[in-house]
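Each of the two complexes below includes chain A, the first together with chain B, the second together with chain C.
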Partner chain A sequence: MTDSMEKLAAGDRIELTFPARGDLIVLARLVTSAISARAGFDIEELEDLRLAVGELCLLTLQGHDSRYGDLRLELSVLDDAIGVQCTLEHAAPGGETQPDEDESAFLSQQILDALVDEHGRESQDGSVRTWLRKRRGVHDA
Partner chain B sequence: MDQEFQIEEKTAGTLPVVAVSGEIDVATAPQLRECLHRVIADGGSTIVLDILGVTFLDSTALGVLVGALKRCRELGGDLHIVAADPRIVKIFEITGLTNVFTITDSLQAAGAS
Partner chain C sequence: MTVGREKDPGPESDTGADQSPLDPAEREELITSNLGLAHQLARRFLHRGEPLDDLVQVASVALVKSVDRFDPSRGVDFAAFATRTIIGELKRHFRDKGWAVRASRRVQELYLELGHATASLVQQLGRNPTVAELAEATGASEEAVIEAIEAGQGYRAASIDANESEDDPLSARLGEHDGNYDSVEDRVLLGPALATLPEREQSILRMRFVDGLTQSEIAVAVGVSQMHVSRLLSSSLQKLREGIGRTETDVS
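And then the complex of A and B:
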């Protein structure tokens, strides 16, 4: 992180909303990298978070027809951690199943288990919410 | 996006080599799946996958590799991965896939020279 980079502090919160398309998940990863660096995470943690947030988005989209939905990403800077919440809104269950999808979902869970301190997923009334939390300065993967 | 996604098919000795660079994710993994399936359909039961130029891969990419590995093994072959970037190798490690794939850090070590 360069000296000229504006730092983020506990309590700061950033939101990003984009059409719920897989090819746009790269936007979530890019924003996560930028925010993590400004929140004081080191390069290894930043890479872990970039991967983890991509997986979080994939798990949010899983099993839903997201053609008309939006994916909302909220990153919250905490005292010693970062919290990320991903919400899929206005999407219907179903959609096209990709080959290897079950395998990929299992691998997503494994990646999140290894890289973040806690994560979860809940679905209710056509909306899906996933979240993760990762502490700063903890290298256990 | 660090680098544009690219796939190149070549042959090293008797082995087909698929060399990939850039990011393999949910947007680009279908192209890799299609390429690997085509190489297998053309008779390549053992394939060397060179991902030395890959800067990022996610669970979708790993799912494609596992699917291709199953197809290769059904035909009595294998899928050898060539990867050297510690960030990429780490993803195989945390998912336990270092026990599933043969991973080497050079094409020579994978028998594709």
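And then the complex of A and C:
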């Protein structure tokens, strides 16, 4: 009935760029849903990925004044996994990090630990890059 | 404050301190010091149609479970262990409520609800409604509305698309939905599986999905806690899924 959805295969790559605003992270989650479903992830994994990508975006925005920045999300379909990279571009540093930001970043990392196989964050020359990888068909006991 | 004892988690609760390798004071301390984590994780699941109080309750019970299952001798960080357990329970909570496993059906239902809401809002407002107005009218989040609209695009057949007019409201584009097909399909698949469940579980499923009672209303009717109803529904649905799997194999 609903099998008309086109599938994605290893090597397919999707990019989404949007203004780096928290309220637009919904776009990243929606795209992740659509891509994960088309890449053969089940509903449980899809939910994990949606949550994880939301956290990935939040983590990317941490510590930056993102008023003029953009978030670029790249989803790569791999053989047995999906890779997601989130980059903050053209944003200015937000000054001193607030304690609640540290706490929020820590929570995001804890959530990512629980939901995906690998993740990381690095910053260079004013741009921040976070990434995750989740394998298909691997559930916790 | 003793979390997990404030509200009765149900007679089948496995959150007993007896199972914990920690002494009672350590157990209490670990629970209390991680309540903030449970609260923060619950907040991450807001805006999905569930009140924060319910989410905090689920997260807190999960925290207590984490403490009781936690074995410090394994050298695992407690916060990481608890985060995994709490997220799992929150996800299970939504799944029991029909938001994950039955997502496609839920999305279809919401899409149909949107049709009715759109028609009525068009009349009220004299223009097409915004997503925010549709979200308010249906009680769903804006994200869910967008998702349902997006999913609805996939459900429409090409021949229906071909006849579509941009001026038509969403409801006009839905065509007629004959729920009888769904119920016939459900009955064929569910009937044999349902019959294998104990009478009490059949009755609870009927109250939830046929009569449309909330878990709390069922809890009052049956005389158990809401958490216990949630658990019974979860295990009954799991048995049904397994039963349907067998039925489909038998049929094919």
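Everything below uses one rule, namely that the second predicted complex is superposed on the first by the 132 of 141 C-alpha atoms of A that agree within 3 Å, B and C clash if a C-alpha of one lies under 4 Å from a C-alpha of the other, contacts with A are read in each partner's own complex, and residues count from 1 in each chain.
By definition in this document, a residue touches a chain if its C-beta (ideal position, glycine included) is under 8 Å from a C-beta of that chain, and two chains touch if they have at least 3 such contacts.
Since the structure is predicted, the reported quantities are computational estimates derived from the model, not experimental observations.
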Contacts of A:Glu47 with chain B and chain C, given as first, second, both or neither
both
So, does A:Gly22 touch the first partner chain B, the second partner chain C, both, or neither?
first
A:Gln110 contacts which: chain B (first), chain C (second), both, neither?
both
Classify the contacts of A:Ser33 with the two partner chains as first (chain B alone), second (chain C alone), both, or neither.
second
Quick one: classify A:Ala10 as touching chain B (first), chain C (second), both or neither.
neither
Return the residues of chain A at which the contacts from chain B and from chain C coincide.
26, 29-30, 47, 51, 55, 107, 110-111, 114-115
Okay, in this complex, where on chain A does chain C touch?
1-2, 4-5, 26, 29-30, 33-34, 43-44, 47, 51, 55, 107, 110-111, 113-115, 140
Chain A touches which residues of chain C in the complex?
37, 40-41, 44, 79-80, 83-84, 87-88, 91, 100-101, 103-104, 142-143, 146-147, 150, 154-155
Looking at the complex, which residues from chain A come into contact with chain B?
22-23, 25-26, 29-30, 47, 50-51, 54-55, 58, 98-101, 103-105, 107-108, 110-111, 114-115, 141
For the chain B and chain A complex, residues of the former touching the latter:
1, 23, 25-27, 30, 33, 56, 58-60, 62-64, 66-67, 87, 90-91, 94-96
